[in-house]
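Same chain, two partners: chain A is paired with chain B first, then with chain C.
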Partner chain A sequence: MRAAELSVQASGVATAPGRERWVLAGLLTAPGLYILIMAVVPAFLMVQLSLAHREVAGLWSPGFELTQYRQLATPLFARIMGFSLMLALAGALICVSLALPAAYFITRMRRRAQVAWLVFLLGSLSLSEVLIVFAFQVLLSTSGTLAGALTTVGLLAPGASLYPNFPAVLTCLVYLLLPYVILFFYPALSQLDPEVEQAAATMGASRLSTFTRVVLPMMRGQILTGVLLVVIFTFGAYLTPLVLGRPPQWTIAIHINNAAMGAGNLPLAAAYAVSVVAFMVALLVLTRVLSRRKASEA
Partner chain B sequence: MFGLELRDLTKAYGDHLAADQVSLSIPHGEFVCFLGPSGCGKTTVLRMIAGLETPTSGAILLNGKEITNEAANGRQFGMVFQSLALFPHLNVGENIAFALRLRGVDARRRKDRVAELLDLVRLPGLQTRAISQLSGGQRQRVAIARALAQEPPVFLLDEPFSALDAKLREEMQNELRALQQRLKITTILVTHDQREAMTMADTIVVMGGGQIQQHGPPVDIYRQPANRFVADFIGASNLLPVEVLDPRTVRLGAISLRVAAACGLGAAPATLAIRPEDVLISRMAGNGDNEVAGVISQVRDMGAYVEFRIDCQGQDILGVAMPRDWIGAGVGETAHVRLPVDRCQVLAR
Partner chain C sequence: MSVTDQSGRRMLSRPGVIGRRGLLLGAGAAGLAMAAGCSGATGGGGRSLRVSSYGGNFEQALREHIYPLFTEATGIAVESIPQPAGLQFLLQLIEANKAGQTPMDLCISAPLDVMRGNAAGLWRAYDTTRIPNLANLPESYVTRGAEGAAAIGAVGWFFTMVTNPKTVSPTPTSWTELWATGRRNAWGLAGTGAGPMFEVTAATYFDGPETLNTEAGIRACVSKMEGLKPNTRLWWESEGTMQTALENGEVQGGVYFADVAETLIQSGANLEVVFPQEGPVIDFGSWCQPSASTKTEEAHAFINFMLSPQAQNLIASRLNAPPLIRADLLTLDDAVRAKVTSPTPPIATNLEARRLHLDFMVQEFSQMLAR
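For the complex of A and B:
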C-alpha cells in the first residue's frame, strides 16, 4: 500500500513538469508565430532583397551580389549614419536628463497629483505624431507664435524662421519622446524604498547628493534601457527631420525612403535597412556586455 | 542638559494626533526603548528626533541646543531603519564609508574607519562583499556599522530586528546592547517587542495613543505599571474589576480584598492588577489574607511552569506554579488562590 502510494506520488512529480512544458509551448505558439511572420520573415526578405540584382525601372531580380553593400562604403553613408547616431544620442541625453528628475518629482507628489500628471502624460501620447510635427512647424515658422514673440523682443530678425534646422528637429523629437521616457521611469522610481533616501539624509546627504549618489546609481539599469529606447526610436525618425530639418539633418530613414521611392533602387534601400538593423543589434549587444561587466564588478 | 530632550513634541496629521505632547529627557549615554503597539506614535517620535518628520509643535534639544528645525542631514543622527535601507549599488565598505565620503574624509582614513567598524560588528574583511551576498544578520550588522560610521551624537533604531528569526534576534539584541555599553552612545530603539525592550533598555518609554503612558527602568515598568494600559501591554496581568471601599480595601464581586494602597481613587470603579507569577496557588487552604477558593478551568503545561486559569466566584484569575507541585492537576479540581497584599495594585479603570 505504502509502496503504491509512493509510486503514484513519484509518477505525479515526474509528469507535472512535462505537462507544464506543453502548456508553456501552447502559450508561446501564438506570439512565436506572430514574431516569425511579422519580423523574421520580413527580415529575411529584406536581407534577400539587399543581395538581389537591381533591374531598371525599380525592379530587381533574385541573386547574390554585394553591389549595394559596396555603395555603403562611402563618406556620404558614414555621414548619414554618424548624423543619425548623433541625433539619437543627443535626443536620448536630453530626454533622460529631463525625464528622470521629472519622474522623480512626480513620484514624490501626493497621490492625486501623481494621477493628474500620469493622465496628462498619457493624454499627450494620444496626439498623432503628424499633428505634433506640423504644430511645431506652425509654432516655429515666421508667422508662428514663438518666432513672432522672439521677433517682438528683438531676439530674432524680422522675417526669420526658427526652422528648418537641427535644434528644431531635436526639440520636436524630445517633445515626442519625453512622455514615454517619463512613464518608463515612473514605476521604478515609485518603487524605490523611501527609507533608502532617508538613510542617506541621516548620513548628511543633501537632496541633490542623495539623488546623484543614491537614486541615479540605483536606477542605472533603467537609465541605460531608457537611453536605448530613445536611440532606437530616434534613429528611425522620419517625419520630424523631414518636415523640420534640411537635407543635412535627414536621418537614415529618409534616405532609405529616397533610395526606394525616389531612385527606385530597392536593393540599395534594403542594404541601408539591413545596415541599420545590424548597427542596432551591435549597439544592444555592446550595452548588454557593458552592463553585465558592471554588474559582475559590483 | 547634556543629552537629548523632547519638549511637548506633537505631530498631527489632519485631526489625528500621531504624537501628543511627548516630553522626555534622555541623559547622554542612555539606552532608551520606545515600546508600544502598532500606531501608538513611537516611530513618529523617532522620525521627529531624526529630522525626518517636522513636529507640529514642541521642541527637540540636543545638549541644551534647540535642533527642532534642523534638517536630518544637519543632525546626522545615525539611524538603522526597519528595512535597513542599505544601498544595493554599493558594497559593504562603500555603504559604511558613505557618510565619511560625504564629509570629505580622505581615502586612507575611510579605509581604516571601515575596517575598525567591521571589526566592531564582527564582520572583519567583508569590505568588498556585495550587499546581495550577505545574510540577514550580516546586513543588520552592516546597517549598524554604517549608522555608527559618522560617530553620531544619537543612535536611532526603528524596529531593526523585526525581520529576523527568534534566535538571531536575541543574538543581535545582546550584541547591540554590548556595543552600546562599550561606545556609551545615546541610543533610542523603537520596538513593539516587550522582551526586546526589557532586556536591552536602561529606560523604557511605554507609548499608547500618541502619548507617553509611563517611562522608567524596565523593572519599575513591570512591577509598578502606572495605568491599566501599561499593565495590560507589558507582560501578562490579571486585570480585575474592583470597587474601592477604602484606601486599603477593594471589593472583587462578593470578595473583599486588602491592598497595599488604593489612594486617590475614591469610591470609583477601579482595576486590580496582579501578575500571574505573583498569584499563589495551593491545593490546600491556608489562613493568609486575600485567599479565595476556586475551581481550575484551564491547565496549560508550559514545561518550565504550569499555567492555571481559576474561576474564583465568577472571576477568572490567571496564575502560574511549579510543575512538581501540580503533578496530575486537572480541570475541575479545587485550588486556593492567594493574592499577596503587597502585589495587588489598584489602578484607575
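For the complex of A and C:
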C-alpha cells in the first residue's frame, strides 16, 4: 500500500483514493481467487473426507463421524507429532544459528563477493530435494566416500555406515534449508545502517559484542519468522526421514502417506492432515501472541 | 508410482529399468499412463485391445514375448501400457471410468485393489463361458463380485528370502534366520503395514496365515515381529529402495520379490534366492476390465490366451514369475521350474484377514515399528 502511494507520488499523477482502491482490488482478485480455489476448497474437502466413513474392504463412503479423530488419541500419534516437532525445532535452531552469522558476513563483503555468494546459494536451491537426499544416502553408505574415509582412519568399524539414523536426517534437512534461511536474512541484514555498528565500535564494543548485543536484538522479528519458516518446512518433511531415517524417525508426512496410499485409509490420512494444520495454526497464533506481549513489555 | 506398498500388493513399477528413480515418478507415471491411454491410437483399423501391466521388466517382457503370440493367434493387436501400481492408479482409474474414458481395456490388479474396485463398482463382470481356459485355473485365483467373476488371475509373485552368499553363509533354510541373534542390522524387510511379514511370522511361529483371522492372532504376530527390529536395517516400502540396498551391500539380504531378485542375478548381482522350508509367500495379480471399456469380446479372447499353457510357460521363463494354472498343464525345463516353483507349498496371502482387519493390522504394525 505504501509502495503504491510512493510510486503514485513519484510519477506525479494525482489519483483519487477511490480509484486506487479499485485498482488494488483488481490486482488482488487473481491471487485471491487462486488461494480460494487452490487452498480453501481443498481444505474444506479434506475436513469433509476426514469425517467420512471408512470401508475396510473398500475405500470410504460419505458420512459424518469422528471415528478417525478418535483413532488419533493413541500414544503413536502423540509420539509422531512430538518427534516431528522436535525435529523441526532442532532443524530450525541449527539453521538459524548457522544462517544468521553467514548472512551477516556476506552482507559485510565487497559487492562482487556478495553477488558470487548469492548466485552460489540460489544455484544450490535449483538441485532437486530427491537428488540431494540420494546423494546423502550414497555419501553416508557403507561404500560411500565419507564412511570409507572414517573407516580408513579407524573412526568407524568396517562395514558400518552412517545412516539410517537421526543425525543423518537432521544433517540433510539442515543442508536443504540453510540456503533459504540465509537468503531470508540477507535483505534485512544488508539494510542495517552501518552507522549503528560504527557507533557501537566508537563506544568500544568489539565486533562480536556488536553482533550479539546490537545486530541480533534488531533482527529479533526476522529471527522468529526464520525459525517458523524452518519449523513449517521441516514439520512436513517426507523424503529425507524416509530415506535416511528408521521408522522411529518417520515424520507425520510419512504416516499420512502410509495411511492413505498404503492402507487406503483416506479418512484417517485426512484426519491426520487436518490435525497437523490445526497444530500449525495454533503454533503460529501462540507465537504471534507471545511476540506481541514481548513487544508491548519492551 | 507411489513410494509405498503397504498391503502386499505391488505398488511400484519394476525397478529393473526404473530403479531408485522410481521414487521420483510418483503420480507422474500414473498421469502419463492415463494420458497415453487417452490418445489410445493402435492404428491399422483392425481389432485391438489396450492392456496395461506393471511398468518396467514386467510390461516389457509381456510386450516383447507374449502379446505378439496372442496377436498372431487371434488377429487382435495389443497396445501395451505401463501401469504404476498403487492407490493413486486405482483412484485415477475410478474417476476416469466414471467419465467413461478409461485409458485401457484391461489392467493388472492386486487382490486388495480388486476388492476396492469391486466396492466402487469399477470392474465389469466377465462372461466366463467365453473363457474355456478358465478350467485351467484354480478357483482361488478367480475373484467374484456381485455380478460374477470380476478378476481372473494373471500372474503370481513370491515374496521370499534373498541373501548375499558372501555375507550369509551357509544358506539359511528357514525364515527363523531373520530372527537369529547373530544377524544384527543385517536385513531389509518389507515395512509395509499389512504386508507379507504377517504371513511369514504366522507360518513360521503360529498356526499359519489363518492366525491372522482374529485380532488376538494379529497382535501375537506383531509382538513376535518386534524381535525383527534389531536385525532390520531397512524397512523397505518400495522395490527400488531394497534393490539399491541389496546392490550396495547395505543389507545382507531380507525379504524380496523372487522374480526381481532373479532379474538382478541375471544382470550380475551376487544374490541367492532362498525358498525357506516354511515356503515363500505367494501373491498374485488379476486381469480386470474397467466397466467403461466396451471391448468384451477381445478381453475374453485375451484372458483365454493368457490362461493357455503356452502363455503360462512363457510367464515362467520370461518373467521369472510363478504361473497360476494347474502344474500338470505346464511344460517347464528344470532350470525354469527351480526358479518359479517352491519345493514346499507356498504360504498364501490371507486376503480375508485384510478384508476384515486391514486397518487394525496397519495400526498395530506401525505402532510396533515406531516404538
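Keep in mind that, in the parts below, the second predicted complex is superposed on the first by the 281 of 298 C-alpha atoms of A that agree within 3 Å, B and C clash if a C-alpha of one lies under 4 Å from a C-alpha of the other, contacts with A are read in each partner's own complex, and residues count from 1 in each chain.
Going forward, contacts are C-beta pairs under 8 Å (C-beta built on N, C-alpha and C of every residue); 3 or more make two chains touch, one makes a residue touch a chain.
All figures in this text were calculated on a predicted structure; none of them were measured in a lab.
K.L.:
Here chain A is shared; do chain B and chain C fit on it together or clash?
P.N.:
fit
K.L.:
For A:Thr74, using the defined touch cut-off, is the partner it touches chain B, chain C, both, or neither? Pick first, second, both or neither.
P.N.:
second
K.L.:
So in the superposed three-chain picture, is A:Ala201 touching just chain B, just chain C, both, or none of them (first/second/both/neither)?
P.N.:
The first partner, chain B, only.
K.L.:
A:Leu59 contacts which: chain B (first), chain C (second), both, neither?
P.N.:
second
K.L.:
I want to verify the contact counts: of chain B and chain C, which reaches more residues of chain A?
P.N.:
Answer, by number of touched residues of chain A: C.
K.L.:
Going by the contact rule set out at the top, does A:Pro217 touch chain B (first), chain C (second), both, or neither?
P.N.:
first
K.L.:
Pick one for A:Trp250: touches chain B only (first), chain C only (second), both, or neither.
P.N.:
second
K.L.:
Contacts for A:Asp193 in the overlay, against chain B (first) and chain C (second): which applies, first, second, both or neither?
P.N.:
first
K.L.:
With the two structures laid over each other on chain A, which partner does A:Met261 touch: chain B (first), chain C (second), both, or neither?
P.N.:
Touch partner of A:Met261: chain C, not chain B.
K.L.:
Between chain B and chain C, what is the shortest CA distance in the superposition, whole Å?
P.N.:
Across the overlay, chain B reaches chain C at a minimum of 45 Å between C-alpha atoms.
K.L.:
List the residues of chain A that touch chain B in one complex and chain C in the other.
P.N.:
Shared contact residues on chain A (touching chain B in one complex, chain C in the other): none at all.
K.L.:
Over in the complex, which chain A residues touch chain B? Could you list them?
P.N.:
It comes out as residues 193, 195-196, 198-206, 209, 213-214, 217-218, 220, 298.
K.L.:
Under the definition above, what is the set of chain A residues touching chain C in their complex?
P.N.:
54-59, 71, 74-76, 79-80, 128, 130, 134, 137, 141-143, 161, 164, 239, 242-243, 246-248, 250, 255, 257-265, 268
K.L.:
Write out the stretch or stretches of chain B touching chain A in their complex.
P.N.:
Against chain A, the touching part of chain B is residues 50-52, 71-73, 75-79, 81-83, 85-91, 98-99, 102-103, 130, 146-147, 149-150, 156.
K.L.:
Residues of chain C touching chain A in their complex?
P.N.:
2-7, 11, 20, 23-24, 86-88, 91, 112, 115-116, 118-120, 191-194, 233-235, 237, 241, 244, 248-250, 355-359, 362-363, 366-367, 369-371
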